Every structure is written in C-alpha cells, then in structure tokens.
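Sharing a structure, written as structure tokens. Questions coming.
The chains carry the letters A, B, C and D, assigned in the order they are written, with residues numbered from 1 in each.
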Amino acid sequence: MTLTIVLACAAALLALAPFAVVIGRSAAASRLIYGASVIVPAISLIAALAQLLGTAAPETVTLPVGLPWLGAHFRLDALSAFFLIVVDLGAASASLFALGYGEHETSPERVLPFYPAYLAAMTLVVLADDAFTFLVSWEFMSLTSWALVMSHHRLPDNVRAGYVYLVMASFGTLALLLGFGLLAGSDGLYTFAQMRAAHPPAMLGALALILALIGAGSKAGLVPLHVWLPLAHPAAPSHVSALMSGVMTKVAVYGFVRIVFDLAGPPAWWWSIVVLALAGVTTVMGVLYALMQHDLKRLLAYHTVENIGIIFIGLGLALAFETYGMTFAAALALTAALFHVFNHSLFKSLLFFGAGAVLTATGERDMEHLGGLIHRMPQTAFVFLIGCVAISALPPLNGFVSEWLTFQAILLSPQLPSWGLKLLVPAVGALLALSAALAAACFVKAYGVTFLGRPRAPAAETATETNSFSLAAMFLLAALCLLAGILPGLFINALAPVSSALVGGHMPVQTGAQWLALVPITASRSSYDGMLVFVFMAISGTLAAFAIHRLASDRLRRAPAWDCGYPDASPATQYTAMSFAQPIRRVFGTVVFRAREHGEMPPPGSTRPARLVVELHDLIWEALYAPLAVGIGFAAERLNHLQFLTIRQFLTLVFCTLVILLLVLAIWS
Amino acid sequence: MSSIDFDIAHLLAGSLVLVSFMELYQDRLYALLNIYALHALALAASVAWQAFVQDAPHLYVTAGVALVFKAIIIPVALHRIIVRLGVHREIEKVVGVGLTMIVGIGLVALSMVVMLRVTHEADPLAREDLAFALSVVLLGLLMMVTRRNAVSQVVGFMSLENGLVLAATGAKGMPLVVEISIAFSILIAFIVIGIFLFRIRERFDTVDVQALDRFRGERR
Amino acid sequence: MTFAGVSFNPIAGVLIVPAAAAALLALLPGYRATARINVLATALTLTCALSLLFGRPQPNPYFLVDDLNGTFIILTTFVGFTTSIFSASYIGHELEIGRLTPPSVRFYHAMYQVLMFAMNLALVANNIGLMWVAIELATLTTVLMVGIYRTHEALEAAWKYFILGSVGIALALFGTILVYMAARPVVGEGLDAMVWSVLVSRASAFDPALLNVAFIFLLLGYGTKVGLAPLHAWLPDAHAEGPTPISAVLSGLLLNVALYALLRFKMLMAANAAALAPGPLMVTLGLLSLVFASFMLYRRRDIKRMFAYSSIEHMGIITFAFGMGGPIANFAGLLHMTMHSLTKSAIFFAVGHIAQVKGTQRIADMGGLTVSHPMLGWGLILGVVAIAGLPPLGIFMSEFLVVSSTFARAPLLAIILVFGILVGLAALFLRLNSIAFGEPRGPTAKSQASYAPMFAHLALVFAAGIYMPPALVAWFQNVAGLLG
Amino acid sequence: MILDMTVQGAQMLLVLLLAPLFTGFVRKVKARLQRRQGPPLIQPYRDLARLMRKEVVLAQNASWLFRVIPYLIFAATWVAAALVPTFRTGLLFSWSADLIAIIALLGSGRFFLTLAGLDVGTSFGGIGSSREVMIASLAEPAMIMIVFTLALIAGSTQLSTMAEFMASPAVGLRVSLGLALLALIIVAIAENGRIPVDNPATHLELTMVHEAMVLEYSGRHLALIELTASLKLILYVSVIACLFVPWGLAPAGAGWPALAIGVAAYIGKLAVGGFLLALFETSIAKMRVFRVPEFLGAALMLGLLATLLRFVSGSF
C-alpha cells in the first residue's frame, strides 16, 4: 500500500514534466510546478515515515515495464524508506524554496520540465529492486540533472561543467552496469532478490565492491572521482544545487550501501581498508579544496566532498566491524554514517538555499564582492549561521552528533584483529578530527566574509532580504537541524530497523536514558545530551545577560570602529576570503596544492597597485585527468590520419585484412 | 571425367595464373593491356573448355563475352583513353617488381594451402580450379594495391574478376553464371567510362589531379 | 493470402510496388508530383510489408519470409516511408536554393524507389545468388545518389564508394560461389544448391574447409557494406556528401541489409559443427570498429560525417552482440539494430534541416540551436542522448543487455566494449554542447522543416525504452533463438 | 540528590569565581619571577567590575551577532567548565557531555569569537581570526588524539570515569600517557593563547591573535570575554589536573570531609599549575606566528603516536 502511494507520487512527478513543457513559458508555470513539487513529495514523505517508524515488513511491486521478460521490480524496505525520507524532505524543501526563488529564473522553460523528472528519478533509484530499473533511474537522474546544469548554458563554464558531469556520470553508470552484470551472472538474474540469493564467490564480491566504489563513488564525489562535482553543483540553479549536493550524493551513498552491504555477499578483510583509506583522503582533501575557494557555491560543493568522506568513514568502519562479526560496533558505525547522511542533507540544502538567496539578492557568487549582508538580510544571515554551526560539527547542533558517534565507533576499533586496520583507523580518526577543525575554519571564512564585515562591492550594499517562501524553507531546515541536534535519540531509534536489516544488529534504544541522553554503549563509557547542553547554554547565557544588564550597566554608544586607531579605513582593508585562508594555505596548501605566492610590483612610474598573486595547482586533475584527456586527444589525432588515405591505401587495408584472415584460416585447426 | 579433360582444364586454369604473374611483371601500359587481352583469352578458352566438358552450352555465352568484350573491346577502349588523356606510358609502382613477385608467389602458396584443406569428395577439378581462381583473385587485388596508375588498377580489377568467372564456371552447374559474368562486364564498363568522364589521368585517388588535396574528406 | 477473393502476395507487393513506382517516376515527365508519388509508393510498400504480420507465403526457391527477415522488411519499409516524407521537404528546399535541378530530382526519386526495391529483394531473397545481386544493385543505386550533387566532393565520395564497393562485390561473389561449391556435392547441382533454406538444413554435411574460406570472403564482402573497420572507408564520405535522406537510408537501412546477409551466412556456419565458429571473427571486427570509430569521432568538423562514424560505431556494437551469440546477446543485437536505425535516421532528419537552415555542415558554424531553433535543437539533443545509450531510451536497454551479459562471460571484452562506448559518448557530447548550447551562431532563419518523421522515430525509441509489447518481445526472442 | 545538586552548583560557582583569581595569580607569579611588584591578586576582579560598569562603545556597523557573541561564548565555556570534575567526580550532569563534547563546546566558543573578529570589518580582526583558526585547525585534532589515547586507556570518554580510572592503581606508568600529557600541555598553551604561541599581555598589533580578535570589544562585552578567557584557562588546568593528578578527588557520593579534602587538593593543584605556567612563560620567548604550526604539529604527532601505540598493543 505504502509503496503504491510512493510510486504514484513518482508517477505524478513524471507526469508533471511534459505538462511543464507545455506551459513552460507562462507566468503561473513556475508557481504551479513548484507548488505541485512541494505537495507530492510531502505525501510520499509521510508514507515513507509511516513505513520506517511503523517498521512494517518490506513491500514489493512489479510493473510490466522496463526489461521485457523481467518487468520493473520495486521494493520498499527500511533502507529504501530512510533514503526516501532524505530524498522527499530535500525535494519538498527545495520546491518550497523555489516557489520564491523560481521567480528570478531567467529561462524557466529550461528548468521546469526537468525539475520534477529529476525528483522522480531520485525516488525511483531508491525504490528500484532490479538492476535494470536501478540503472535506468540512476542514469535518468544524471541526465535530468545534466539538463538542469545546462539550463544557464550561455556561460561557457556551465557548458564545460555539464560536459564533465555527464561524462563522469556515464562512466560511473557503466561501472555499476559492469558490477551488476557480474552479480547477475551469465544467465541474467537481474533482480536484487536473485542476487541476494546467489551468494557470489569472494572474488566476484570483491570486484563488485571495486565497481560499486567507482560507480557510486563517482556520483557521491569520492576523491579522486570528485572532479565533476565542484563544477556541476554550483552551475545549476541554487535549489537544484541544493538537491544535487544534499540529496543526490546521498542517493549515491544508497547505491553503495545497497550493493556492498546487501548484495555483494560477506565482506573480505581488505574491503574496509580500501574504503577507509579513500574516505579519509576524501575528507581532508575536500575541506582543503573548500578552504581555497572564494566562490560561495563552489565552496559548499567541495564541502559536500568532505562530508561524503565522513559518511564513507562510517561505512568503512561498519564494513570492518561486520567482517569480524562485531555486530554491535558495526551497527554503531552504520548508524553514525546514516545519521550523518540525514544531517548533511539538511544543512547542505539549507546552506545552498542561503547561497541562492544571496545570489538573487546581489547577483554575486564571489565572496570577494560580498560582505555585511547580515545588516541587509538578517533572517537569511541567521539561518545561514545555524547551517554553518551545524556543518562545522559544533554542539548543540546535529552535525556534531553524527561526528561524535563516528568518533565513538573509532574508539571501539582497537578490538579489531587486523593489523592493517589497527594502523589505519587511528590515522583516519586523526584525519576526521583535522577535517572537523578545518571545516569550522572554512565556515568562519564563508560566513564572516559573506555576511559580516563591510560591503566589498555595491551589489552587496543594495541587497534586500529574500522572499518569504525561501525563508520558510530555510527556517524549516534550520529547525530540523536544531531538533536533530538536541533530540538525536529519536532519529537514531528510527534507524534501528535499517542497521538490523543490514548488519544484523542495532544500537540500544535511546529513549530509555535519563534526560533523553544519547548513550551509544553504556552511560559509564560515553554519553551526550544535546538537549541538556542546549538548555544549560541558554540558561547561563540569558542569566549572564540578565544579571549584567540589571546589576551593571546596559548603556551603549555607537562610534567609529577603533581598529587600533586607524581612522575610517576603506572596506578594501578588510580581510578577504583569500587572505583569510592564507595562514592555513601556508600550512597545508604548499604541499597539497603546490601553492605559491608572489607579489607583482608595478614598474617604476606606473600607478598600478602592487598585487599579491597566489597560484594553486589541482594536483589530482593534473595527475589523473589531464593526462587522460591528452592521451585520448593524441590517439584521436593519430587515428585521424586514416580519414585522409587514398583509395589505393584503403584497398590495401582491405587486401591486408583478407590476407590476414586467410593466413589465420591456414594456420587454424 | 577423363584425365585428359582434367589435364587440359588444369592447364588452362594454370595458364591464367601465369598470365597474372606476367601482368604483375609489366611496367609499360600498352604491354600491360596486351597481356590483359591474353589473360581474357586464356579465360575464354578455359570457360569454353568447361562448357565443353560439362556440356553446358550456356557457358559458351560467357566465353563469348570474355572473348569479345574483355579480350577486344576493353583493351581497345583503354588504349584509346591512354592516347586521348595523354596518360604517362610507364607504370608507377608502390613496391618493386621483385618484391611484388615474391608476395604474389606467397599469395599463390597461401591459396593452395587454404584450398587443399578441402576434403576430397569435392571433385579434384573443382579443388584445383578453386585454388587457381583464388590465386588469380588475390593477384588481381595485389595488382590494384601495388600500382598507382588508374589504368593498371582497372586491369588489376578486371583480372580479379576473371578469377571470379573462372571459379564460377568451374562450379559445375551453378546457375546465374552467365548473368553474373555479364553484370560484371557492365560494372567494368562503368569503371572505364568513369575514368574517361572524370578525366582520371593518373590515379583512382581523386577525380581530378589538382583536386588531390583540396577535396578529400574534411580537408576543405 | 486472399483479400476479397483477389489473391495477394505481400512479397510481390513489397517488390512490385517500388519497381513500378520507379518505372513510373522514370518515365513520367515533369518533377512536381514526383515527391508525392514517392511518399505514396513507400506508404503502399509499408502496408504490403505490414500485411506480412497477418500471414506469410510459403517459402519457394527464390523467396523466403521468416521472423528474421520479417523484422528487417518491416523496419526497412517503415524507415523508407518516413524518410520519403522527410525527403519531400528536404528536396523541396534543395530545389528552391537550386542545388538540385528538376531532372535530377526526378532521377533522385526514381533511384530512391529502385533502392527500396533492391533492399526488399535482398531481404526476401531465399537464393544467395539473388541476394548478392540485390545487394549489389542497392550499392550501385546509392553510388549514383551519393554523386547527385555533382560537386567535387560528392563525385569523389561516389567514386571512392564505387571502387571499394566493387571490390566488396567481387569478394562477396567469390564467397557465394564457394558456398555453392561446398553445397553441390551434398545437395546436388543446380538451383537447390543456392537456396538458403535448403542449404541451412543440409549444412551439417558440407565441407567445412570450403565453408570457412567462403565465410571469410563473405565477411569481407558484405562487411564492406556494413561498414566494419577497416573496410569502412567509403562510409563517412558517402554519408557526408550525399543528400541527407540518402545518408539516413544508408545508415538506417542499407547497413542493416548487408548485416542481414552476414547473419544468414553466420547461421549457415553455425549449422556446421566442423566449420570455424563465426562468432570470434565478428566480435573482433565489431570491437575494432567500435573503438576505432569512437576515436575518429573526436576530430570531426563535418556534422554528417561525425554521425556517419557514429553509425560505424554502432554497427560495431551490433556485430559484436551477434558475434557473442546466446539468447540475451542476440536479442540485444536485434533490439540495438532496430533502435539504431530509428534513432540514426531521426538524427539525420534533424541534421538535414539544421544544415539547411545554417547553410553549412561545419560544426564550427552552428551553435546555440536550442535558442535559435528549439525544435531542431532539442530533437537533436534527444537523438544524441538516445544514440549515446542514455535512458530511458531504447538503446540503453540493448547496451545494458550486451554489456551485462558479456561481462559475465568474457570480462575483458566487456571492458573494451564499455571503454569504446564511453569514448564515443564523450566525443558526441563534446560536439553536441557546441551545436545545441551557448550563444546562437550562424543564420537563425526559421526553417519550414517537417518534424513529424523525426519525432515519430524518437517517440518509438522512447516507448521501446520504457515498454516493449509482449508480442514484439516474443517475436524478437524467437529470432534470437533462430540466430542461435 | 540534593547533595548532588549543591555539589554541581558549587562546582559551577567555584570555577566561575576562581577563574579571575587564577589569572591574577599567574600574573603575580610572573611579575615576581621578573622581579616586579605586579598587580594585586584581586586585580582581575577589579578590572571585570570596572568594565562591567562602563558603557559599551560599539562600532557603527557592528551587527546583532557582535553583541550576542560574548554571552554565547561565555555560556559555552562556562557549561564546559562546569562539567569538568574539579574536586569531586560523578557530578550530577557530568554525563551530559563527555570529553569530546566539552572540547567541541570550546570549539563552538572559538567559532563565534572568530566570527566576532570579522564582524566589524577591520584588518586587525581579520588577522586575529585567520590566525586563530589556523592554530585551532591543528590544536583541535591534537586534542582529539589525546582524548583517544586517554579514552583507550580508561575505556571511556567520560571525564568522571576517566578520572576515577586514573586514580585507580590499574593505570601504572605508560609511555602513551607521557606523550599524551606532553601534547596536552602544548595544546593547552596554544588554546589559551599563552606564550610562546600568543601573548595575552601584548597589544603590539602584528603579533597578537586573541587580542586582535576582541579589539573592537569594550565595556561589559569585553568583561565577559576576559572572564571567558580565564574560565578557559582554569578549565584546561583542571582537565590536566583531574586526568594526570587525580589524587584527592572526592569519589561520587562522598561525604563532606572528602569534599573538603577535594577542594583543598584542587586549590593546591591550581596553585602548582599556575606557578609552573608562569615559570614556563617567563623562561621562554614568543615564537613567530608561522613557527606555531610546527609547534602544534608536534603535539598532533605526539597524540597520534600515543593513539597508535594504544591501538597496536594494550601494554603501552
């Protein structure tokens, strides 16, 4: 029943697409489409919640479409339900945001038709229960999001971004296709049920893991397959960027979990090592890339890479524990990962909405031209701040809880027998801690440069607060961030069926502990109570404020900034994004990006100001992708000569082929 | 069939291969044309012999076509073209005669090896014939590949096609042989006319010498 | 079968209608009605072909219709019909701008019908000699049509096609003769030894060595027509320089017909246990064509030539699939061939109009089509998305089946296959981006194009990607079974 | 229960009241070591009181955030400090945040303070904030590594549990503990902006970090920030005390005498800690800003090494 409702919602969204084509240019179109895209996912969201919280048995439906003799299989189990919640929540809020944001769209007819189709595709990926349906939905998701990325196609950068995106996406899909072909075997057992039953041999499972890492990893943005992500996510309209970053990457995580934990059979000892190593690198590289950016949306996109790394750390730990039968620890790690999936979908969407609001208000994505928006867009500034605190993993918000759980999982790992893991896990823990600190630094920069300080360009001076729909969407997500931060127990209980379905165990029920505290193992070992911390901070803060204002002075006078006595310095003297990152760039960047700085002195007599030039190298691109492109170009150039042969030379080709085949025949048998 | 019949058929077919080698050896166009006429003659003879042996009168038609059209009309026409277009009289080769010869011998050996695998219930005449035909085909192709002049390439194609007719007639009782041989004659006529129309002085490679590089594929 | 007492033979229909139309078009003075007559004739042919669905005549020594060529016939007549509609508007425009003269238009339409006749004949022929004749007739017709513009490039393309084609003809004939030789001791002299249905039933007793040589010659001879690398040389130029409807027919139909011939002989080979397996050869040539064509896509500056190379690429995939064999791969190959015919002809419809409105075929001179000509632009995008094998369009299904079924059997081949597909996709979208997106370039005059055929094809491809009617599936599976 | 309540309350008040005194004490000792008279011990209280009474002079474009931040960071730090066992383990609410959470709380305090540095939009605020985050980006992971080590030894991240375990004879003498202590001291110095990382006394623009951030603050806001700083200092000292010299800590549910002993012991520890800090600060010179990463990197490496040792074998 639930599944039928959900599928009906997906169908409704699909039906919206051609409708949008028809009414695309009319005035009411965007309201109509986005309004519908708020309601439909909301319904499906309720259904999914009912499924997950009701811990109902998995439902399956088979439709007579898709692969002829197979049909399209759909299944709604705990895992699908959870990710469906993530998808629908993101979709509904994005559409709500777009109700206002869409008004500013310059070419709606390029966005509206693909938007609902994109939502439907993500829903279907999560529901698919056979390889063909899964891959069709998966690639359809890529295709529609590609179209959305191309919606502002007059900017050459966007076209390039779309190109890289589509190629990488197809690469990932083909990898997954190979993986499924492997699991399905030569006689084509394409349904997941058959794959589960098949129990692939270790060798196959291993190959499937690698292919899943490539396929799902490229979509999720694992380093070094992340290159498309910071190009494509910012290029799309902001509500789509939010969906791509906050939701689609999670769908990719779903694909990985589904294949590796559900289909690929029992894990081998080295699987977790591969995953953990990649994840650790991804985490730190992602945040370091982000620190080097001054384009707000690109910075956020790179942070997605970082958070994907955190999620995969959790998944890798879960794999490791599962390998050695430490069910409980596996459940803890998996829960941490999934909870971070949920949290990240919340605050990343929130942050992209904020970026979108800033973009519409100022027309700027470049932080170097922003500043002081907190005065002109106070409410946006407020919710964006909440998002920043949440993503920086600071208590009492939700980002901290999931990272805290991951730390707890890491602290359980000394019991692991494998030496490789013994050495790797602490290092990964260090990387995780490092990335957390760097993330905080990065969002101080993002928020401080964008919203605080003084306007650096006229666009930032004339900005006005964004519309009420967008604000509603952002406040909704902010509230959820806070809720998930102070009452994590509720959410973690909801995850119990998922983890018990995947690793055969789940964390203890959390509502039992006093004051709704979060107790992963035992109270004596570790516990955290977001609500109490929050309440204490509120009380002590207000107490202090009250006491001081009452007993001491509450007088206040406005005056020019002190700034050590330098009078009315121009806004140009403020720290910019690049200069803010300079100390960290000196510490890490010199190695990771071969960052170099040199001052450009104007020649004597010229009035040009001296400039500080910073050059950064994306080593991954230069080492991996550039050579590949060059190689293909070289091969193409060489082979291209075959286009210009004379007829006699072509005849020679035919002749040689004939002779060779005859020789083969003469030798054969 | 009696051994004498067989030997004669064998002889004629073999002579065809021999003439092909002579074609490979030539380096003057006129001489080449004459040799080709000889080639066609040999073909006509062997086809006629086949017609006699198989007492299949329709093959006489094929023989006649070979004799009249290939041995007389075509060489004369090409002769005319050479004169009319003022084609260089000597043949540009890609690889030297000696090497071509060696390759040709290799090809003949190859066709022997390939054909002699054929089991023995296919009657010997067919087998030998096929081996020869295959060698003639390969030699003709070799000629097309190693000669630059359009005319000599046409000659190569025509001797290739002679090999086909040889094989076809060797295949006892095969229907459509006559039609096929005629169709091929028409095809060749097309090619010859094409050469004439497009004023191809030297080469197949382009319809016009100075157009050699201007108009090919993407180079525009 | 009989309609209203009048005995009616669909085979005769699909043969006589085009032949008669050709004669009519050739004799009829004036050119104005020719396009309409053309459309009418193809429509009639299509209906005759469709009547095959309701009953097919008994095979005789000359003609045979089974599920295999039934598929091909219907596909051919259908695409022939839609193409004639497209060609009506296309040629009309060519006439306006004076690239074609009235006589040449008449000639063109007559030749079009001859081509249809030849292809249908090749498809229904049960006699391998007849099949050979028909395919060669088709080739020569297309040679004449490719050269119809009389420009240097067109003439050279036609000439190249003619020469390489003739050699192909010769090789194919030699192969046919060898098959006859192999059959004669078993079947006996005369006609029967060239009747395919007889051959395939008795093939097990044939002399394997002869069959092997025969197959190699047939593979090369007909492979030239299929456009398999390294025998492909004629294909890109013929596509690029001929009139676009002919490019559509070449890619969509003629390649298939040649492939059909190959398949018949593959079945013949498969029927003889001692002969060498045709699979590996086809797999090799297929992969070679795929990878080669994918790389060739990169340096293309002429839009039609680019899509011609993409045809080579897909013929490679199809040949590969049939080479792999087995129910899944064969089904996939058949599906892929059908989808490719529809998609590629649709793409050429779009490209034809684009080239007309832009007045050039140079990719560099066209841009921002989705802005200047939304219908053409999005149609092209849809076509390229389909041809690149992205869902939910039909080709994705066939590629899914080919790759997944291959990987379990021969991982290395599957990886090469995937590599080729990916390289090709990257090249196609590299060009598509500059054609369809960005600032509009070149003239932006509205085009009086006929969008119906293009979108009809794309709609079919889309539908097939979502849902295939069980009857069709059963049909294809049956054919896959036939192919073994 | 009542007792627990009172103890928890007492703890909160104790740290709050002792913090300025401790700062004053350190200053006094430093002055003495430098042969100076130095300000009286209660000078910090006087400063706070005076600042409280002064009016706030707010920069023109300072935002609401700028005014909220002092209370925020004060609240965060105070809550954190209230959860560290000073004279008695098993505080009523100590379980509501383990050591990781306490560090994170301090982290949020720093997060907001750095934002405050950027709010007015002056160059010095920028200097301070950017350097602060650079320092933190190394200090925090180091701290986490230290926590890992201790947690793996004590089998818990709860400060109370850890302290009890450390007090128990089961600990023994361990290499990893030594490394962790060393790292912890380095981190504590960096976090509190003491010499050689930063100089709380200087206002020489180019060398200051913490002071540069709070340059625009005045009046009660400044007072709160100063108070927060001293709270943070005393917090770190008490963490070190309760983890490495847990002796004298009253166990959970202990009676008054034990508590009295605990308080006394705590005061003693503070005194010693303060003295050592002052001694260290006087005996060393401030280092250049870009030497700091190396200094902290050492701490990070030490922490990682200690953790690795713990992972590889339980005996270290």
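The criterion applied here is as follows: a contact is a pair of C-beta atoms (placed from the backbone, for glycine too) under 8 Å apart; a residue touches a chain by one contact, two chains touch by 3 or more.
On a predicted model such as this, the values are computed, not experimentally measured, just so you know.
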Among all other chains, pick the one whose mean CA position is farthest from the mean CA position of chain D. B
Which pairing of chains accounts for the highest number of C-beta contacts? A-D
If you average the CA atoms of chain B and of chain C, how far apart do the two points sit, in angstrom? 32
Mind checking the centre-to-centre distance between chain B and chain D? Centres are C-alpha means, answer in whole Å. 100
Taking each chain's centre as the mean of its CA atoms, chain A sits from chain C at a distance in Å of 44
Round to the nearest whole Å and give the separation of the Cα centres of chain C and chain D. 79
Enumerate the residues of chain D that touch no fewer than two other chains. none
If I count partner chains per residue in chain C, which residues reach a count of at least 2? 159, 163, 167, 213, 236, 299
By residue number and range, which residues of chain B touch two or more other chains? 114, 117, 141, 144, 204, 206, 216-218
So which chains end up touching which? A-B, A-C, A-D, B-C
Okay, in this complex, where on chain D does chain A touch? 52-65, 71-72, 74-76, 78-79, 82, 93, 95-98, 100-101, 104-105, 107-108, 110-111, 114-115, 117-127, 129-131, 133-134, 136-141, 144-145, 148, 151-152, 155-158, 161, 203, 205, 215-216, 218-220, 223-224, 289-290, 293, 300, 303-304, 307-308, 310-312, 314
Given the complex, residues on chain B that touch chain A span 94, 107, 110-111, 113-114, 117, 138, 141-142, 144-145, 148, 153, 203-206, 216-219
Per the touch rule above, chain C residues touching chain A in the complex are 159-160, 163-164, 167-168, 171, 212-213, 216-217, 219-220, 224, 230-231, 233, 236, 276, 281, 292, 295-299, 328, 370, 385, 388, 390-392, 396-397, 400-401, 403-409, 414-415, 418, 421-423, 425-427, 429-430, 433, 437-439, 465-468, 470, 473, 477
Chain D-touching residues of chain A, taken from the complex the two chains share: 371-372, 374-375, 378, 381, 385, 389, 392-395, 400, 404, 407-408, 410-411, 413-414, 422-423, 425-427, 429-430, 433-434, 436-438, 440-441, 443-445, 447-449, 452-454, 515, 517, 523-529, 532-533, 536-538, 540-542, 544-545, 548, 551-564, 566, 569, 571, 573-575, 579-584, 586-587
The residues of chain A that touch chain C in their complex are 64-69, 131-132, 135-136, 139-140, 143, 150, 153-154, 156, 159, 162-163, 166-167, 170-171, 174, 177-178, 180-182, 184-186, 188, 190, 632-633, 635-637, 639-640, 642-643, 645, 647, 650-651, 653-654, 657-658, 661-662, 665, 668-669
